[in-house]
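Have a look at this one before I ask anything.
All chains are identified by letter, namely A, B, C, D and E, in their written order; residue positions are counted from 1 within each chain.
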Amino acid sequence: MAAHALPRAPAASTALQDKLLLLVALVVGWQFLSLATGPEVLTAPLATVQRLARLMAAPDFAGHAAETGSAFAVALVISLVGGLLLGALLGAHRLSGEVTEPLLVGLYSIPKITLYPVVLLLFGLGMSAKIAFGALHGIIPVILFTMNAVRNIPHVYIRAGRSMRLSPGQMFLRVLVPASLPEIVTGFRLGFSLTLLGTLIGEMFASQRGIGYLLIKSMENNNPDVIVALALLLVVLATAASWLLLALERRVHGRFTG
Amino acid sequence: VDLTVTHFGTGMYGVPFAVAREKGWFKSDAGLDVTGFITSAGGGTTIRNALASEIPYGEVALPAAIAAIQQGVKLTIVHGGVLSVADQVWITRKDDESLRKFGDLKGKKLGYSSPKSVTDIITSVMLQNNGLASSVERKSVGGIGSGLTALREGGVDMTYVTEPVWSKEKGNFRVAWWSTDIAPRVTQTVGIVRTDYLQKNPDVIKGIIAARRKGVEFIKSNPAEAAPIMGREYKIPPEQAKTAIESVLGAKGVYWSRGEFDYEGMEFMLKGLQMVKAIPEGPFDWKTVIDESYLPADLRSKK
Amino acid sequence: MHALGPLDLDLRRGEFFSVVGPSGCGKSTLLDVLGGLAVPTAGTVEFEGQPVAGKVPDGVGIVFQEDASFPWLSVYDNAAFGLRRAGLPETEIRERVEHALSFMGLRGFVKAYPAQLSGGMRQRLCIARTLVTRPRLLLLDEPFGALDQQTRLLMGDELLKLWRDTGATILLITHALDEAAMLSDRVGVMSARPGVFLDLVDTGWPRERDSTIVAQESFGRVTGRLWSTLRAESLKSLASGQAAAVP
Amino acid sequence: MHALGPLDLDLRRGEFFSVVGPSGCGKSTLLDVLGGLAVPTAGTVEFEGQPVAGKVPDGVGIVFQEDASFPWLSVYDNAAFGLRRAGLPETEIRERVEHALSFMGLRGFVKAYPAQLSGGMRQRLCIARTLVTRPRLLLLDEPFGALDQQTRLLMGDELLKLWRDTGATILLITHALDEAAMLSDRVGVMSARPGVFLDLVDTGWPRERDSTIVAQESFGRVTGRLWSTLRAESLKSLASGQAAAVP
Amino acid sequence: MSRAGRIRLVAVAILVLALEVACRAGWVDPVAVIAPSLMVQGAWRLLASGKYTGDMLLTLSNVAIACSLAVVSGFAGGWLLYALPRLRRAADPLLASYYAVPTFIFYPLFIVLFGLNRWPLVAIGFIFAVVAMALNTLQGFERVPRVLRRTARAMRLSTRQEMLQVVFPSCAPYLFTGLKLAIVYSFIGVIAGEFVLSGDGFGFEIAFAYNSFDNATMYGLMILLLGFVGGLNSILYSWERRLYLRRGGR
């Protein structure tokens, strides 16, 4: 990406100010929507925060959070590490990349919720199925982004590495990975969100604990306030993670484009 | 271990299990250390979950069990579960005075959960009985939450709700009729076991049935004590649990079976499912899929 | 079709040899073959008596035509890259890198990243990165392509100084005739693809020389000879290149 | 800081004027100002008696330094782009486009897309796209930057032919001194940033000329003068550029 | 067909064959997975019976509506983000975290907003797809080379002409990617919504068949769906190749 294509970075304080402004705008919009639909459909922002606080203070919440958290963590590691390795492999070996890419894109584009029975068959019930479902959602974008990143590495870097007599391991670690890092981080951001989504959907189908279970139970028990509170929690978590990754990406990218 | 119980935490079917676990009867009768109950949306998923778990037993929806058996799944029905639809009530908006009797439904919109479900059967029978089949528009609302929303916003004029949600929402809507008014005896759930497991571990299943039976009997004799237990397990206020329990116990007929079967109620369900085309037409041989030998002797049907 | 025709080239130890030729005639391919990055379809390459086969031999340093600086490393780390992989002690690395960077006029930029440098500065960084390994044979593929002509000639002076100081053998690929004429002991003129040497011009410059020789009469003679050999060749290459460009 | 210093330039109708100068001295900025793409901080630009202000006047054609061919259009449609916008009849368009394309050596490529052309061919396409509009003033920003030196000189011959045929005024920006010396009636030498003219060299070539003049003695004199003015300037620019490169 | 295409075909054929063998030999529980031949048979029966035509049309029309809306408003949104870079920077982390929330939990909200009809489902598909379109539009605008805009000015194009004849074609490949993703995401959104919530459509029928252990129907429906999405994808893919191959890597 050319440097001029990036919007000129405003001073850090303006950026923060803009974020706060956007936040205020969103909250106001939410408040209005809540007023228009009534609290029994969409809880107002303040009430939601209070509900969330109560929810999180409840003794069993830690268990639910830990359940989702641990499944998500494992799924995320599988998505990111597995996606990175597979993507690097498929990107480096052109033919296998060309063979698998359309299949991966196809798999990415089918509604994976319909694959649940197959997942249950392969992974049995419980934790492993949840993890598998989460990883299934997250790993494909990571593979695709990594693959493209590795493919687009300027060939001259590899030739330069060879001219310095690098071992294959050094080549991978010192040249291939850093050269494709910005795109990989972008893939990670998407992978993070989709893994979380997959884990939650997995929990909605067969579970007795976890945030996904709480969501589906609240749907069945008609507790919109809990649903909105949990959605808020998820948005905040995912946004924070995305922000962190974005900061990392900017740092890495900054070097690339000056 | 975990046991599978359909709609645990959202429906009334699981209350005996909650009580039995709290009282330690699974430990004493079946030697099981039950850590929790797995539940899921959808009957088929529940059965699949049940069959895939460590103890391939579950109290599941009868329609799903019938479908599974018809598709060749090797499972055996070992006990009756919930024998009536006393937890299901049909409601209208509080201020809607126009719906006082079935006939008033003419030209109105009636919400039910989804095609080929129990609510589909109940509404079909109700409309047929009242000659309304062609003059009422039925709409699938998906679930209770969206049903109540639709009712509130006028998307439908009448919809269903089940316990214990109803006990929470009581103040906001008006009861029109109960499902038991249309069908007093409908077997909603049964206990199933994967057949190969059943043959190898008959005592575990017998123990689970016994523990559950104690739970049912305890609720009946001490509803006031059962309510807080249900409240804890279901994460709802004890008062709500209390009204819900009283509501299903107060209805006519048996709600929680101690394990015994109600063949008439099962036959109603079967016919109903065939009527809404959820399963193919044709006779269904209960004898080959039900094994009463794991029930305590006093609960087996008299031949 | 082959990128290169049959050719025979014997670099003398310590000489400065340049290759000029029309675009696409196979100059870079020649460099790949000489450096061991590509295996020739037929024939052999030897370096210091050892055959070169599919692997860059120790003692050979290559600077590529494209910008090969690593954008994720600072200027300093870029220059130190090869030495670190080779596992040299950090003090030794520091010394060599600082020397090479200041030689290439990059002293003030050790902490910068390549994106903050101009194209020409990046190319100089790549040269520095190769120099620190102290190659006995230095292969340079149009290292000044990113520079304007003036800066190019100035850089040529630096390169000559370096060549004298280190005693290395240098093979320089370029398409700037004046550059080749000014810097080299010998200039090889390549034909259009498949490339073979059409002419080998001995310049006869003294070892001590700099860009002021461009004002000399003999300089005009050398460039004149190169230019006349190439004019016909360029026309040929232009015509055949146009025919081949659309698949 | 300004990109350009104060400068005064009066192009004569029908003359061929070149601008040389170190990289970053403001040559492209000058072109933007002359063409009406940028408004000068102070001063005015006039074309045919009309002030040029923030808008490209009719009769001016610009070829940019970067590749500006439209990748989604075929070579033919690229070349016809400006004329179609102007609403010329299709037969007239066809005639002009075919003439311009064959003039630029792209006759065989009318159906090709820019991605199938080499960098130099794309640049030639951009020139053709501008030529078809028959500009009275042609501004060219390093149009041969993507070519090797030999091809560059050959293209220069073509440009001279064109200039003679159309009688247009041409302003050519380049950093190749020989190119400037060979093509121009006058050459302006710019200083390092902020750019001002250090020297204006009258070459005194006849209107009928081609690249063979590079072999003449007077050619060496012209380049020598350009080079000596620029050598000091390049050194300065190199040094200041280094200081300014890191923000 | 390309070499990669042939290898892919062979690999898939081998996989399918292996599954077929495994199922026929009884190594796989038929309650979970049935032989591919039976799946195809199921799919054919569904098509022939016409029983599900209504459901399919409903789903497809929902997807079509959701997707068209997403493309139009995503384009507008992307433009807005481009025009307001400060907004874009502020919203950036939010945009990427967007997919973490299962949108169908807001179904009741959509019922209030749109009523009990197809629109809540369309809305779920829409909000799943719109962000992908917006982000790609934004990228497209950002990557129009500056020199092309300068060329437009040098040719004295009006702002409108510049937009239509230079900027728009220049970002076309990005818009196309946005379109492809919007189609995929609106499919995923609508089907997931139907799967969990609705009483009709493809997703519901799959869920229902799944719940009643009707594997022939379930896998049949899945194959049909796969065929739809896959077919659509490959049409778009080849279309894209035809359109943009000549444009090269840009």
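Some observations on this one:
Criterion: a contact is a pair of C-beta atoms (placed from the backbone, for glycine too) under 8 Å apart; a residue touches a chain by one contact, two chains touch by 3 or more.
All values derive from a computational prediction rather than experimental measurement.
The chains in contact with chain A and with chain D alike are C, E.
Least step count on the touch graph, chain C to chain E: 2. When the C-beta contacts at A-B and at A-E are tallied, the pair with the greater total is A-E. For chain A, the chain with the farthest CA centroid is D.
Look at where the CA atoms of chain A average out and do the same for chain C: the two points lie 46 Å apart. Computed centre separation for the pair chain B/chain D is 84 angstrom, with centres defined by C-alpha atoms. A separation of 38 Å divides the Cα centre of chain B from that of chain E.
Listed for chain A are residues 38, 41, 116-117, 120, 204, 219, 224, each touching two or more other chains.
In chain C, the positions touching at least two other chains are 116. Of all residues in chain E, those touching 2 or more other chains are 32, 108, 112, 196, 210, listed in ascending order.
Applying the touch criterion to all chain pairs gives A-B, A-C, A-E, B-E, C-D, D-E.
Residues 35, 37, 55-56, 58, 60-62, 64, 66-68, 70-73, 81-82, 85, 113-116, 133 of chain D touch chain E in their complex.
Looking at the complex, you find that chain E touches chain B at residues 30-32, 107-108, 111-112, 115-117, 196-200, 204, 207-208, 210-215.
Those residues of chain E that touch chain A in the complex are listed here as 2-4, 7-8, 11-12, 28-29, 32-33, 85-94, 96-102, 105-106, 108-109, 112-113, 142-143, 146, 184, 187-188, 191-192, 195-196, 203, 206, 210, 218, 222, 225-226, 229-230, 233-234, 237. Chain C makes touch with chain D in their complex at residues 22-23, 105-106, 108-109, 112, 116-118, 120-121, 147-151, 153-154, 175-178, 214-215, 220, 224, 227, 230-231, 233-235, 238, 241-243, 245-247.
Within the complex, the chain B residues that touch chain E are 41-45, 47-48, 51, 63-64, 67-68, 70-73, 111, 113-116, 139-143, 145-146, 149-150, 152-153, 155-156, 278-279.
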